[in-house]
Amino acid sequence: MKRSLFLSTAIAVLSWGAATQAETLRWALAGDALTLDPHAQNEGVTIMLQSQMMEPLVSRAPTGELEATLATEWAVKADDPNVWVFKLREGVTFHDGATFDSEDVVFSMDRARSEASQMKGIIASVAEVRATGPYEVEIVTNGPNPILPAALTSIMMLDKGWTEANNAVTVQNVAAGEVTFSSTNVNGTGPYTLVSREADARTVMRAFDGYWGKDTFPLAYSEIIFTPIQNASTRVAALLSGELDFIQDVPVQDIDRVKGTAGLKVESSSENRSVFFGLNVSDTLVAGNIDGKNPLADVRVRQAINMTINRDAIRDVVMRGQSVPAGIIMPPFVNGWTEELNAYPAPDNEAAKALLAEAGYPNGFPITLDCPNDRYINDEAICQATVGMLGQIGIQARLNATSKALFFPQVNAMETDFYMLGWGVPSYDSEYIFNFLYHTRDESYGSWNSTRYSNAELDAQIKAIAAEVDLPKRDAMIAQMWETAKNDLAYIPIHHQMLNWAMKDGLTVTVDPDNQARVKYFALN
Amino acid sequence: MIRSFSAFWHSDFGWKFRHSPTAILSALVTLLLVGAAIAAPLIAPFDPFNSASLNLMNGFSAPMTPNAFTGQVFLLGADDQGRDVFSTILYGLRVSLFVGVSAVLFAMVLGVTLGLIAGYVGGRVDGFIMRVADIQLTFPAILVAMLIFGIAKGIIAPQYRDQMAIWVLIIAIGLSDWVPFARVVRGATMVEKNRDYVQAARLIGRKPVAIMVLHILPNVLNPILVIATISLALAIIAEATLSFLGVGAPPTQPSLGTLIRIGQTFLFSGEWWILLFPAATLLALALAVNSLGDWLRDALNPRLK
Amino acid sequence: MTPPPVLSVRNLVVAIPSRAGISRPVNGISYDIAPGEILGVVGESGAGKSMAGNAIIGLLDRPAHIASGEVWLNGNRIDNLPPDDLRRIRGRQIGMVFQDPLTSLNPLLQIGDQLTETIREHLPMSAAQARDRAVAALEEVGIPAAAERLNSYPHEFSGGMRQRVVIALALCAEPSLVIADEPTTALDVSVQAQIIALLRRLCRDRGTAVMLVTHDMGVIAEAADRVAVMYAGRLAELGPVRSVIHAPRHPYADGLMGAMPSLSIGQRRLRQIPGAMPRPSRIPPGCAFNPRCPRAADKCRVDPPPTLADDPQGRAACWFPMEHPA
Amino acid sequence: MLAFLIRRLFQSVVVLLVVGAVSFGMFRFIGDPVNNMLGQERTQADIADLRERLGLDRSVFVQYAVFLRNAAQGDFGVSYRQGRPVADIIAERAPATLELAAVSGVMALVFGIGLGVITAIKRDSLVSSTIMTLSLVGVSLPTFLIGILLIYVLSVQLEWLPSFGRGETVRVGGWTTGFLTQSGLVALILPAITLGLYQMTLIMRIVRSEMLEVLRQDYIRFARARGLRERSINFRHALKNTLVPVITVTGLQMGSIIAFSIITETVFQWPGMGLLFINAVQFVDIPVMAAYLMLISVLFVSINLVVDLLYFAIDPRLSIERVKA
């Protein structure tokens, strides 16, 4: 051992970090929370970080079931299908010691439904929230809403008194240049309290002594140090070098390296997110028609594309086995998903070429594939591979890979004929997919439908299932709608993403399909 | 051609060249790489730009090892898309050199022109141009290039972006590199402007600019050559850095920088060949061009014998 | 009995190896300079005069080096001293004045700093003492308001004044020998005479020996006691100024005198020496001057010229020295 | 002198305004923040509404005018991404970048000048040619690759140095410093090397060639002829005369250090302004981007001004007239 004094000090520092890690979780992922105001941003990492410190009435356990959190029981009111009744947990205190009761729920729900709230879209069906006792609330919806509890999983509860005292009643309105106390301070009921936070650098949380679920959850860690690390190589390097205990987004190519490193392991699971291509099915191509027509408007062309994409090869090579090839743009957890729907065609270039010829394009046609390069796992590489596969049947695809900041506005403005998109379903119900992706685009529906796909019959069904309380009947409708959607091929499915969480040995974690890590579930052995 | 080569070989400059192992080695490496780039379509076993010929299943083939699925063997392995690394390097060299050389030419034309104007017209025009040069120098090339790239991405329609990306890169890098050329030419022009022949030409009513250009350019040829060589190395590196920031050459038409950006994601996973070979090529190219530039500066500077 | 010489150069050879072989820009010169004496070294550019000066003070640029011969200063041999000992001699025992006062002074340092730095390098003095001495040195060379000018930068002086500063710098540690390498060439004609007079006065007063390197016979005529005429690295003629000017014995010296307008008085017409001095790498066999010499005979093309000592008058290295009626 | 300063200041303001205008022209091409600011469940009506509230539906000129009016009052707006005043965020991030830039700048300067002098004095030695060759390798690899390789070797393989972040920081007034803790200092090493390496090479090469130039000057020969010591000649006489070009280059390189910190900070997750800017670009956080670019411009313009002033301090020959010419 001929290490210099300096280096041994460096090692000393690192191992000092190791000595305290029995209680401290050093955790990193690519992004950071945008704000601590629970109703200001509807964004995954933001909600995840907040959910260490704040809680909703109902949450989704890592296993996927709804779990009683601040509400202990819930049911549709016997005499009114438009009303849900929630019984609240008693004896819950906020971090500052205030008691949690129905007043806080009414306040928080109203705040989440207010003008500047980004959560209002999730609970748009809520008409009124009223307290019917100190530990009971009723939520009135516009028409029956069978899946309301699932929608509440990301609506965090705030303390009315604390929020009012700190002038944070209105949700932070970034557009208006507002800054609120609640965007940098937290007073929740969650298992961890905020110790310090430097956005994009470091957030430190400590276990909350007065947490109601102290005996219910493992709560292995007394402290969490959360550090966003954007660069994937750096993130993996930090884990490999022992500077971190847990990272959430391991690049697929690094999984084997992590697994092969002593003291580290990787837990994988399917993610609640499907990745697919959208096609412009209208009569006109954005880039200008080919021979006066839009080839993509012909379902045979779409079938040819569907047939030529080798999903297994993408899984094996690009995704290194870390994906589930998809025949439908619906993740496997979602209500409505079946094996049959997920069946996908075996790649067949000859049949694809025949279909193209039949449609009048024996020599293919040029098309631009628009892709994000910083949004989904290996998004650019998937698109690149697709360009290659399309080339084999004569479709001359050009790749336009851009950052998500350029990509999404382009897709939203429908300035694309052929684009990649990923879609997660927080409600775990097909309605969510149909609403945003298949309904004809208008002011409030089909807002992510950039394919110009429009089917009046389907539109009517979409509105119908939203209010259908007869679940078997509703499921039948959904199955029928998927049949239509799958045949029309406005979207060409690629795969369902997998989640890979890497952590040190001894940590027992169930990977959450929504990529929402909640430290309270983490167990150490 | 042969005669001018022979003239070069036997000149004083040629003698210095023959007696400098560094110069010979770097010239050889540069020639080899440039030659390989030019002849890429002839020597590359695969055409990585032809998507129809790709087989994704060849992805991550190790060098000189048959692929588990397809049995194909690649000299330097295959990348994540199943492209032959050797071929992508050849084609990547082509893109890198094309971008580098074009950017330097662009910078040179711009710099020489502005330098001539500044030196000849003088006064406010000179002040303005040199002020712009100062600002340009303070603004790091990377920021300038990002700025131009950002604007270009917005202006150019998506379906043309992949074709235009290379040209945008050239302009972005070139635009951040014109100042040294302008400074040298401006200085020479200011000296030359007051020479008798220029004054005489002016007296007899001839436009002296053309004559001056003819007289000035030979004088500044040496420093321009040196600046150009060093700028070339800088431009190649700048292109690589821009690629890392995601504003470089598109992955379907990769430069060495793009290849390195892609390759660096496989540093931990054991597919070292995807990073190592392009990086070594870039290093060799930049090193050769840089030391050639170094040597040229010493050799062409008569005072530094 | 003459006093022992300050400087004694014996068979000094400076060699420069190059790809074409070894050239010898200084090829076996010998001379002495006595205290207070001014020896003018004259010759065309490339004759090796500056190189000889640089060799004596030990400032040859690589790859040039002393190949053989000896240099003695005040009775000590100095050509083979270690670098640091030689450094201690420079400035202290040998001062040097360069040609161009514009470039001889460090533009970024005040002249006072340059002076005190030199003084304190060689003499055990406090900063204040060195300062006083610097003022005295400047006054001596005729800088008005010397005390104030210590804080001036070189660019604040005129050319002539700067050369005075240079001389002050060269003399500030009271060396016994000054090598002045073309000290007036870069100056205005009107200033040249003043500088020469100054140099001469200072050296006479202190008994400093001077090696005055120049291509200007006018300067030699005015300032020097003896003159050495160099041609292609060798001494062509060495003798008292009057004799060499009025009765040169070496045909080259004769030609050189004839080319001097200021000297061509009387009936002698202004002449030019035909041809050019050979480069050190192309020295012809025999006498180096033979291709240009009007008196050259076969012997001159074969045999190297005799030494000065062989000359009956001890002045010229020539097989056929010129005779002048007394 | 005063007139010169005023002129320069005026020019600087013009530069700033131009940079601002260019930046604003660019923002619309970087993307649209609205998509990032709204959740997945947004409707087309939400998008239109937010665009209007942000003023993005107005022309670039109007947006720029509004920004300038507010900026003149010290109000740089609120970050779209973090929802906090941009001024606060930048003040919070600036120490990290400035400390990193300072350390790598000093490192580049000290080693650059030192190695430059050594390679010039011992021009033909083996040491010197080794240093020169290594320095070429340094400029022949892109910064990001050097950073990643350093992490791979020193953090992952040898586990000697941390791969990311600033370590523990200490708050002194409004300034967070990593200088006062061991982990803070250790964390500085790799990013500082990565960031400073290129600048060091550049400074070294310019010092070397300037030294070679200066060492041939008459005043150096004259200094030798006066028997001055080599050290005094090399450092007092020669080095000082190389400083004007060196300072020019160094000044300009300081600008590059700030710009290249974008890359270094991304690689090492260094929580400074470069990382902030990259995040802002990805999110299209216009207020942050605008403020960052303006701040950087102010910094660059000040560096230029300081460089000009340093010329006067170093070179007594310079008069204001000559600089103007």
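Lettered A, B, C and D in written order, each chain numbered from 1.
Everything below uses one rule, namely that contacts are C-beta pairs under 8 Å (C-beta built on N, C-alpha and C of every residue); 3 or more make two chains touch, one makes a residue touch a chain.
Bear in mind that the values here come from a model prediction, so they are computed numbers and not experimental data.
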In the contact graph of chains, the distance from chain A to chain C in steps is 2
Measuring from CA centroids, which chain ends up nearest the centre of the complete protein set? D
Maximum centroid distance from chain B, chain identifier (CA atoms): C
Between chain A and chain B, what is the gap in Å from one C-alpha centre to the other? 44
Distance from the CA centroid of chain B to that of chain D, rounded to the nearest Å? 24
Hey, how far is the Cα centre of chain A from the one of chain D, in Å? 37
Chain B to chain C, mean C-alpha position gap in Å, rounds to 53
Multi-partner residues in chain B (2 or more other chains touched) are 153, 264, 267-268
Junction residues of chain D - those touching two or more other chains: 30, 148, 152, 156
Find every residue in chain C that makes contact with two or more other chains and list them. none
Chain pairs in mutual contact under the definition given at the outset: A-B, A-D, B-D, C-D
As the complex stands, chain D meets chain C at residues 217-219, 221-230, 232, 236-237, 240-241, 314-317
Would you pull the chain C residues touching chain D in the complex into a rising list? 57, 59, 87-92, 95-96, 98-100, 103-109, 117-118, 121-122, 153, 155, 166, 169-170, 173
Going by the contact rule set out above, which residues of chain D touch chain A in the complex? 30-47, 50, 53-54, 77-85, 89, 92, 96, 148, 151-152, 155-156, 159-167, 182-183, 186, 266-269, 271, 275-276, 278-279, 281-284
Residues of chain A touching chain D in their complex? 3, 7, 9-11, 13-14, 34-35, 37, 40-43, 118-119, 121-122, 172-180, 183-184, 198-202, 227-231, 233-235, 237-238, 240-243, 374, 403-409, 412, 424, 426, 436, 441-445, 447-448
Complex interface listing, chain A residues touching chain B: 232-233, 236-237, 240, 251, 253-254, 256-257, 287, 310, 313-314, 316-318, 368, 370, 373-374, 380-381, 384-385, 387-392, 394, 397-403, 406, 410, 415-416
